[in-house]
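In what follows, chain A forms one complex with chain B and a second complex with chain C.
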Partner chain A sequence: MTTTLFYIFSTVTILSSFFVVFSSNPVHSVLFLIFSFFNVAVIFLLSDAEFIAMTLVIVYVGAVAVLFLFVVMMLNINEVLVKEGFLKYFPLGLLLMSVFLTELIVVFKDLEFIRGNNSGISISNLLDQGQENTKSIGLFLYTDFFIIFQISGYLLLVAMIGAIVLAYDNQLSVKSQSILKQKQVKKDDIIKLK
Partner chain B sequence: MTEYLPILVFLILAFGISIGAIFSSLVVGEKNAYADKNSTYECGFDPFDDSRSRFEVKFYLVAILFIIFDLEIIFLFPWAIAFKELGLFGYTSMMFFLLVLTIGFVYEWMEGALDWN
Partner chain C sequence: MFVIPEIFLAICAVVILFITPFLKKNSYLTISYLSLLVILLSQFLILKDIFYSEIIFNGFFIVDSFGSFLKSLILIGAGLIFYFYLTVNNPKSLKRPEFAIILLISIVGMLLMISSNDLLSLFMSMELQSLSLYILVSFSRDDFTSSEAGVKYFIIGSLSTCIFLFGTSLVYGLVGSTSFNEISVFMSNLYSTPTMLIVGLIFILVSLSLKISAAPFHMWTPDVYQGAPSIITTLLSTLPKIAAFGVLIRLLVYPFGEIIVDWGKILIILSISSMLIGSLGALRQTDLKRLMAYSTINHIGFILMGLIPGSEDGITSICIYLIFYITMNLGIFLFILNMQRDQVSVTSIKDLSGLYRSQPLTAGCISVILFSMAGIPPMAGFIGKLIILNIVIDNNLFFLAVIAVITSVIAAFYYIRLIKSIFFDDPLEELDNIGSDHSKYMLCGFAFFNLTVVFYPQFFLNLCASVTLSLFAVK
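Entry: the complex of A and B
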């Protein structure tokens, strides 16, 4: 049952990822990306990684995909122009692809970094405790890995301030309504009888 | 694993109903297409320009700020589940994290990035 479901959802994931790359309309590719996010979430569920599955749905589908849609809409891409550059950038893309592929192979060939025990905690130990996935993350993230946790907090703070500094402009919104001023206006200020 | 079975059933039903609706209307529905019927009518005119026009960056800013608080909530989930075992250190750790993000929240509030004029 689980194996069959895995094969179904992984096939759909691969297919929709192909459509992300090859569909001519950028908005369609973003929608296919959302679809493949959902499928990957199901695959995570099948491998008992429930927390990551829910995170994928909440963060990636709920928020990041919206940003992708915004970017696609803002960029105002000419579809013909995009297709023109394909052959020109193909060698560079091939190079990058091979670099990333080699990186993945090197990392996953040598899985010792997962089993390796440098902090007294290993993945197999975590799973052997027979706790729920989310709980075992919670038990270690906030105590043993609290520095990483705090750093991620600072990262979010920097992202927040950076977004405001870059995108928000006080002078941009000149025409604003001041309710206080509106309420203080008297009849004599506006109407003059001569 | 079995607790996700209802979602699977729901998924299959949703796929079945939506595909069934499309296909049955394709098969059963009467089709007589002609040029006038297929053209833009009633609501008027051909579009002036591309639907993908530029809009203000404010919308994007709201989305970014939403993502940051979304991630904050994601960090709260495992903490809430493991709360009883975590003890004082885990509690303080999360409170400090929330404090850091609250500083950012106060900053954006004071800056007026949350106002919509």
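Entry: the complex of A and C
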């Protein structure tokens, strides 16, 4: 049952990822992207990783993809320009893709290697201890992975500073309203009776 | 008491960030001096425990003398870059307090990269470093070229991150752990190397090659170097390269040391193509910063050669070359930072012509450093090249040595063309004199260092040999 469901959802994921690249309308691309995120979330659910599935839906579908959608709608990208070099670069892309695919097929041929090995923190390991995986992720995140968690916080700080540095403009060219100045204006400054 | 310099630096960066709003406008000088002070203090913290060795934070990071050496090299470079920033005539867009803070944070990232002992912590620290660098490259955002360079760097960097993560996932899928120690244990119990591990390693290597701009992953380098503000180009061409080499050496020698036959071949290809592209690509350049980008690629190819044998001597030679490389590059870039005509920065090679007539001292210093880059005998660059070539020949890689020498000769052509233009060409329009005495003295200092290293190379050899010992002691 699980295997059948896995194959169905992964096929749909791959198909919708193809549509992300090939659909002519950018808005459709983003919608297909959201669709493929949903499918990946289901695949995570099938492998008992409900926390990651929910995070994927909330973060990627709820925030990132919707942001993409807004950006795409605001930018109003010219479709003809985007597709311009497509035929020119297609053969090279196809070549690279086939090289990549052969490589991966060769790699995953010795799959038995993975099955025999179950060290590290795999999800099934955690479930054996009778823990919900949300709880175990929490436990690991704040103990063993404490430093990684801190560095991610630091990374977000950098992102915040960077966004402000690159977007904030305190030059005079910005026309903004200063309420303090507006309130200090006296009648005599602006109206002159002669 | 043992204090980890990265944590000290990270906390100080945040403290400085919170001081900033309470200062008056144009407080960038105060912030820069504070940052310089913080860098000096963390340098002290590193030097205090340079021979200390321990695995910390649940195996995510490692402190050892090899890491401490590279870290102190980075901090010296960072201190000098802050000093340049304070003394040269910067464009107005760079005179903001955030500049120093982001630079500090990127240095935290580099230090963490060097001490990473796990693919996960390596990824996080690499992101910390590159995210700050993307911001710095596009810092003067009103400038079209700077924004363009920032976008290019960002896209290439994100691609590199994706590739790194894919490689990591393959390695994790096979080993069941991202820790270097676990990978090393796994590797030593293998009868034959699974293809998946090699492919995973190739992906990680590609991503790191993008970071050190080794050919054929060098495409972003000239554009980004040219577009970024000069002080950031100085940073880009020195410090991240040291950090990435630290990572590369630790990764290849320790966890993947068993499959040296596999990654050795990849490194041979990378180093040959870097040397060729670095020397041939530079021939037709007209912009000094673009030229320096190709020169960097050429040097990177040379340094990669030292890693191919995977031996202690090889890594010692890399450490020595890195020391000389940053002194040469900082010297050249100090001059580029000061290259101005009527208070406007110029970076064309033509602007160099006849420099000797207007500023003989500067011209002399520059030519010493250029000779050193070309590898002309008594200079520092020659000693670095000699040591690496020696290692290569000791390991019977003769064809590699021949290619290295030929490309060095080609590279020498364009360095010496610059010297010719400085001394013998008629001046078009004179450049501004180097304004501050600080820059003049620093330039003389760099030239002096490059000239006199030949009298005490043993010092650097002993230093580097003693720090690389720790890398092999783990095994």
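Observations on the model:
Just so we're on the same page, the second predicted complex is superposed on the first by the 123 of 194 C-alpha atoms of A that agree within 3 Å, B and C clash if a C-alpha of one lies under 4 Å from a C-alpha of the other, contacts with A are read in each partner's own complex, and residues count from 1 in each chain.
Simple rule for what comes next: contacts are C-beta pairs under 8 Å (C-beta built on N, C-alpha and C of every residue); 3 or more make two chains touch, one makes a residue touch a chain.
Small disclaimer: the values here were computed from a predicted structure and weren't measured.
In the superposition on chain A, contact of A:151 is made with chain C only, not with chain B.
Looking at the shared chain after the overlay, A:66 reaches chain B, while chain C stays out of its contact range. Residue contacts after overlaying the shared chain place A:142 against chain B, while chain C stays out of touching range. When the two complexes are overlaid on their common chain A, residue A:22 makes contact with neither chain B nor chain C. Look at A:86: by the touch rule set out above, it reaches neither chain B nor chain C.
Once the two complexes are overlaid on the shared chain, A:107 sits against chain C while remaining clear of chain B.
Touch criterion met: A:159 reaches chain B and chain C at once. Set side by side, chain B and chain C differ in how many residues of chain A they touch, and the one touching more is B.
When the two complexes are overlaid on their common chain A, residue A:2 makes contact with chain B while staying clear of chain C. Contacts of A:177 after superposition: chain B is touched, whereas chain C is not reached. Where the contact sets of chain A with chain B and with chain C meet, they give residues 146, 152, 154, 157, 159, 161, 164. Within the complex formed with chain B, the residues of chain A that make contact are 2, 5, 27, 45-46, 48, 51, 54-55, 58-59, 62-64, 66-67, 70, 72-74, 76-77, 132, 134-135, 137-139, 141-143, 146, 149-150, 152-154, 156-157, 159-161, 163-164, 167-168, 170, 173, 175-177.
The residues of chain C lying in touch with chain A in their complex are 10, 14, 17, 57-58, 60-61, 96, 98, 101-102, 105, 108, 112, 120-121, 124-125, 127-128, 131-132, 134-135, 138-139, 141, 170, 172-177, 182, 194-196, 199.
Those residues of chain B that touch chain A in the complex are listed here as 1, 4, 8, 50, 52-55, 57-61, 63-68, 70-75, 77-83, 85-87, 89-90, 93-94, 96-97, 100-101, 103-105, 107-108, 111-113, 117.
Residues 103-104, 106-110, 113-114, 117-120, 122, 144-148, 151-152, 154-155, 157-159, 161-162, 164-166 of chain A touch chain C in their complex.
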